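Labels run A, B, C and D following the written order; every chain starts at residue 1.
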Amino acid sequence: MSYDPVMLLEAYRRMRAIREFEERMRREVQMGTVPGFVHLYCGQEAVGVGACMNLRDTDYIGSTHRGHGHCISKGCDIGGMLLEIYCKQGGLCNGKGGSMHIADLRKGMLGANAIVGGAPPIAVGAALTHRTLGTDGVAMAFIGDGASNQGTVAEALNFSAVLKLPMIFLYENNGYAEFTGAGYHLGGADIAKRAASFGMPAEKVDGVDFFAVYDAVGRAVAHARAGKGPYAVEAFAYRWYGHFEGDMQKYRDPKEVDRLRAAQCPLARFESRATAEFDIDVSELREIDEEIQELIEEKVAAAKAAPKPPREALYTDVYGSY
Amino acid sequence: MSYDPVMLLEAYRRMRAIREFEERMRREVQMGTVPGFVHLYCGQEAVGVGACMNLRDTDYIGSTHRGHGHCISKGCDIGGMLLEIYCKQGGLCNGKGGSMHIADLRKGMLGANAIVGGAPPIAVGAALTHRTLGTDGVAMAFIGDGASNQGTVAEALNFSAVLKLPMIFLYENNGYAEFTGAGYHLGGADIAKRAASFGMPAEKVDGVDFFAVYDAVGRAVAHARAGKGPYAVEAFAYRWYGHFEGDMQKYRDPKEVDRLRAAQCPLARFESRATAEFDIDVSELREIDEEIQELIEEKVAAAKAAPKPPREALYTDVYGSY
Amino acid sequence: MAVKTYREAITEALQIEMRRDPRVIILGEDVVGGLGGTNGEVEAAGGTFGVTAGFAAEFGRRRVIDTPITESAIVGAANGAALTGLRPVAEVMFMDFIGVCLDQMLNQMAKFRYMFGGKCDVPVVIRTLMGAGFGAGPQHSQSLHALLTAIPGLKVALPSSPADAKGLLATAIRDNDPVIFCEHKVLYGESGEVPDGEYLVPFGEANVTRRGNHVTIVAFSRMVLLANAVADRLAKEGISVEVIDPRTTSPLDRDSILESVEKTGRLVVVDEGDPYCGMASEIVSLAATEALDALKAAPVKVTPPHTPVPATPHLEQEWLPSPDKIEKAVRATLDSKLARAG
Amino acid sequence: MAVKTYREAITEALQIEMRRDPRVIILGEDVVGGLGGTNGEVEAAGGTFGVTAGFAAEFGRRRVIDTPITESAIVGAANGAALTGLRPVAEVMFMDFIGVCLDQMLNQMAKFRYMFGGKCDVPVVIRTLMGAGFGAGPQHSQSLHALLTAIPGLKVALPSSPADAKGLLATAIRDNDPVIFCEHKVLYGESGEVPDGEYLVPFGEANVTRRGNHVTIVAFSRMVLLANAVADRLAKEGISVEVIDPRTTSPLDRDSILESVEKTGRLVVVDEGDPYCGMASEIVSLAATEALDALKAAPVKVTPPHTPVPATPHLEQEWLPSPDKIEKAVRATLDSKLARAG
């Protein structure tokens, strides 16, 4: 397999952006500057980016409460995201959605969703649009291990299988649903097998390995674009931090995060393989690192300084007309 | 395998009762004597009876809109059922539930249910009661092929697998969900496989064959009673009549019902095997036939003649206290 | 104009709008029917009540979509399709079934526009059947429109006549907000004059079905017919009843209601929903907060009791509002001697 | 009596009832926590907000049951368990999530007794968190109690103090009807005197938290605290405000409300639910239909606007009823010169 180096650098850029973004959010939450609850994506960067590097702006994704990584993976504007997380004017949702509801339809991002299992049926609808209009576009739903149990997910699987929709079910098995391990809450312990039972190809992949995710989702997207119906991929990658920032994580061996950081870093994995096998120079990556660091610094400062939505915003956008 | 002849005669009695009951209801609906909508069970007698002959009064079943057969299989009083279908005083639900809501908790019948997918989570709760109280009781949910797609069913499967509940999922694949064939609406075309993907044994069985159903559900019940968790059985048996009585059945080859009556009669199948292999005398069966015919005749007449619930019944039983 | 049934009027609106705009699609259980059956690929149903008969043949299976029995997926898919450029009309066969798909209404379609900062349209219509009267029992007979009216972001329409059924449905389909379109099952066979061709009835504009001066009746959906009958009956006695059919509960034509109450000073509200937190209480509350001065008598709510709908046919009739109960309520407002009345 | 937080009071009620009756079980997401984790079989949560901390150790995992994230199965299992002899207390973490499990409330638990002809009890309690104020956004901040109040067969409790939280929850658990127990997330840290030992607060009995003669405020859940503050503030001016906390919306203590309105003639209703078809409209309607004669001024509703809850913290505060808005409403009823007033 060979990879376009431009694509690889862009993939790294996005993974680094997620990492930097989330680490910064973590510190900001700890300092109390961020409103609401924030669910971090560190450790799962290769899943979102590996998946979305296969997509176009006209393809759609449905996301979860842990949506920052999906947004960045799909190319959403980082400044607009930060304005949104800080609930400021000009944010991607003009400040009324916050972290758990970031959406950007122009980028094909159908919204983070604070209802577990809320997004998969919606993504199915986006796939239906593509089929109805006769395009070769696809839609993808990100689904946590915990969310995979929700009835809405089973309905979405069956619906898209019956209608042969260009739909990809991207399971993110990060080991936990809130404070409960996937070893407890998953009857049968095999998410991919469940998807397969609805009549679609389903594979499992190491979610820490960008290349593995990229390849698997590439197969899924090709299948869907070709009109062959839905496809499922289950990616394994532990989350590094708490369910939300502030979670005490009593359910976790305290050394687990250290081990993950050391042995399961998607960026380090990417770097070693990209530099060894695909002619990417380390200096290029370091340049990206710097660029991203500056970007986040600048955009966080801008978000903090930005004006709040005006009082009238409370009443607007409930209806298009009323 | 050998079978207790007393059990076999009782099984036949119940299958014959269902057949006679439903054929009579069919004629009564055509004559316009029955209120509401009625969904007939003819053709599926061996499923309900084959399953329930494995159960005790202290075991529970959750049923569907097509519930008459399940009630009779579980031993509900036929007079009480008819009073209920005619919405009369003294009916199993005192006339306020009607055909789609017949329940009889003393017999472990948790209710017909007019919401497709409504009963499986409730049956799971009954299994939970058994587990909590430490009995060896079980619970069973009847689930149509159409209902098997509902998200609530997936949730019930997973819930009982995770908690290792004494739960049996009894799928009744009767070929149709309303006016749509199972060949269309079932992604993956394999219900049992779906159940298996949640981590439980699942088998398929010819639902026209009482002995096959009885044996398979026997294994399921033994498994559940032994504390080994849930079990699924998918039984195939076409329904002979419309979705509800009055359905024009345009989706069906008009000769299909004739073929089914001739080749797929659960009672005929039972009779030939029971008399050939298990020492049951045809005359015993004919005696039961007569007895049942008289019983239904008598109970239908009684139901028609019974008094309606009084006006005050409208306001009672909304709350235990208010 | 031609005389058509309520059912035919709905079909006509769907047909015209689908011909007009290729983005309009229909999805639901058995909206075609017969797929996967043993009679070949025939249309076996065209909707459980035949409303979309012939649609698959005319518009094709990409626009007339049979779904499995999974209402959350149906409504969710409609939501996703609406966000991405289509104008789906999804069917939730009976309104009672909102229980299995409420999230897609409450937390998704209703909130997209607001929580996405106004950056999307959500042109989705949910057609659903409300109402008691067919002995269908407690899980197939409810009128839950108030529950949906209380969800900001949703619009709710309740046509009471064939003409309104056509005109409101067309408006719903062209509207860029989510609309819950509540068809009353007992009205399906009712006939009335229906304008030909494209026909739109605006949302938020009440229809005054009877003009009168003594008492105002506000009635919803099928209850409008009962109110009209009472108005006609009382007219013979010289009692002049004004009947207002708001047609949409969200948006609600508050002005027309208040104007009428200002004029008559007497208010009866007839609704098939629960007496608590329903449209009857809402309209009474509206009058009390905005037109208290005008009230010459205590307003009266005519609703079913706070009980499920019994399957028992004679109890179901007892459960429902009736012309007699409405007449009694009207007379009560006329007989009342309000202590403070002018 | 000891001072306890609202959260502690809830824990205490659960503990006492579980000790008292082995049929009481608890089920929900992370009510234990830590199962399947990498830290051994430790209790990691005891509920997302720590309410059931220590319960698994005391009562065992057969009575304190961690479930997958499947609310329909949770509520459905509670329903089935209740029909078969247990007394389950199920948790639906946030009230907003009733969208994914409403059927088991609307069509199952609420209707069992009625549609089974009175031949069962349905002793199930659903604990759930309502309310805005934490910047949790449109899908985690709603107050949907009115929607549940309108469902016949359900009871709905909304404790506004630690003592009521304890007493109402114990009553809910011993009740043989399904109860939706709405805990306000912003009240969790509030403290108050709580009676020791077994303590029951009956359903359908309002608590008059302030006695007064000039104006009646009916307030629900956290709004009671705001109303009390306003009453105290106005008392200094000689304006005497009566504050009524119905504590349960179903059953509703109509008599206490009407008595107070008969006395004061002025009514303000404060509720955190939607203005349409909510408790505010219901109470105003109650007064207008049953006590119109007594009204000296138009009743005033103080509710959020008909919009979703914005995530934006300052807009969320603006969205919520506030003491200032309540005070303004009270003054409006006092300033009003009702044309017809005596």
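Quick note on the criterion: a residue touches a chain if its C-beta (ideal position, glycine included) is under 8 Å from a C-beta of that chain, and two chains touch if they have at least 3 such contacts.
This structure is a prediction, so every number in the text was calculated from the model and none was measured.
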Inset, instruction - Name the chain whose C-alpha centroid is farthest from the C-alpha centroid of subunit D. - result: B
Legend entry - Interchain centroid distance [CA atoms averaged], subunit C/subunit D, Å: 30
Inset, instruction - Report, in whole Å, the distance between the mean C-alpha point of subunit B and the mean C-alpha point of subunit D. - result: 40
Legend entry - Geometric centre distance via CA averages, subunit D-subunit A, whole Å: 36
Inset, instruction - Note the residues in subunit A that touch 2 or more other chains, in rising order. - result: 95-97, 101, 113-115, 118, 149-152, 155, 158-159, 162, 184-187, 318
Legend entry - Two or more partner chains touched - positions in subunit D: 68, 70, 72-73, 96-97, 99-100, 103-104, 107, 114-115, 137-139, 152-153, 305-308, 310-311
Inset, instruction - Using the contact definition from the top, classify how the chains connect: line, ring, star, complete or other. - result: complete
Legend entry - Contacting residues of subunit A [partner subunit B, same complex]: 149-155, 157-162, 184-190, 193-194, 196-200
Legend entry - subunit C-touching residues of subunit A, taken from the complex the two chains share: 60, 62, 91-97, 101, 103, 105, 110-111, 113-115, 118, 120-134, 139, 151-152, 155-156, 158-159, 162-163, 316-322
Inset, instruction - Write out the stretch or stretches of subunit C touching subunit D in their complex. - result: 72, 96-100, 102-107, 110-111, 114-115, 137-139, 144, 146-147, 149-153, 250, 252, 273-274, 276-282, 284-290, 292-293, 295, 297-301, 305-308, 310-311, 338-342
Legend entry - Complex contacts: residues of subunit D adjacent to subunit A: 29-30, 33-39, 42-45, 48, 66, 68-70, 72-73, 96-97, 99-100, 134-140, 305-308, 310-315, 318-319
Inset, instruction - Note which residues of subunit D are touching subunit B in the complex, please. - result: 25, 27, 62-63, 65, 67-68, 70, 72-86, 88, 103-104, 107-108, 112-121, 152-153, 155, 175-177, 204, 251
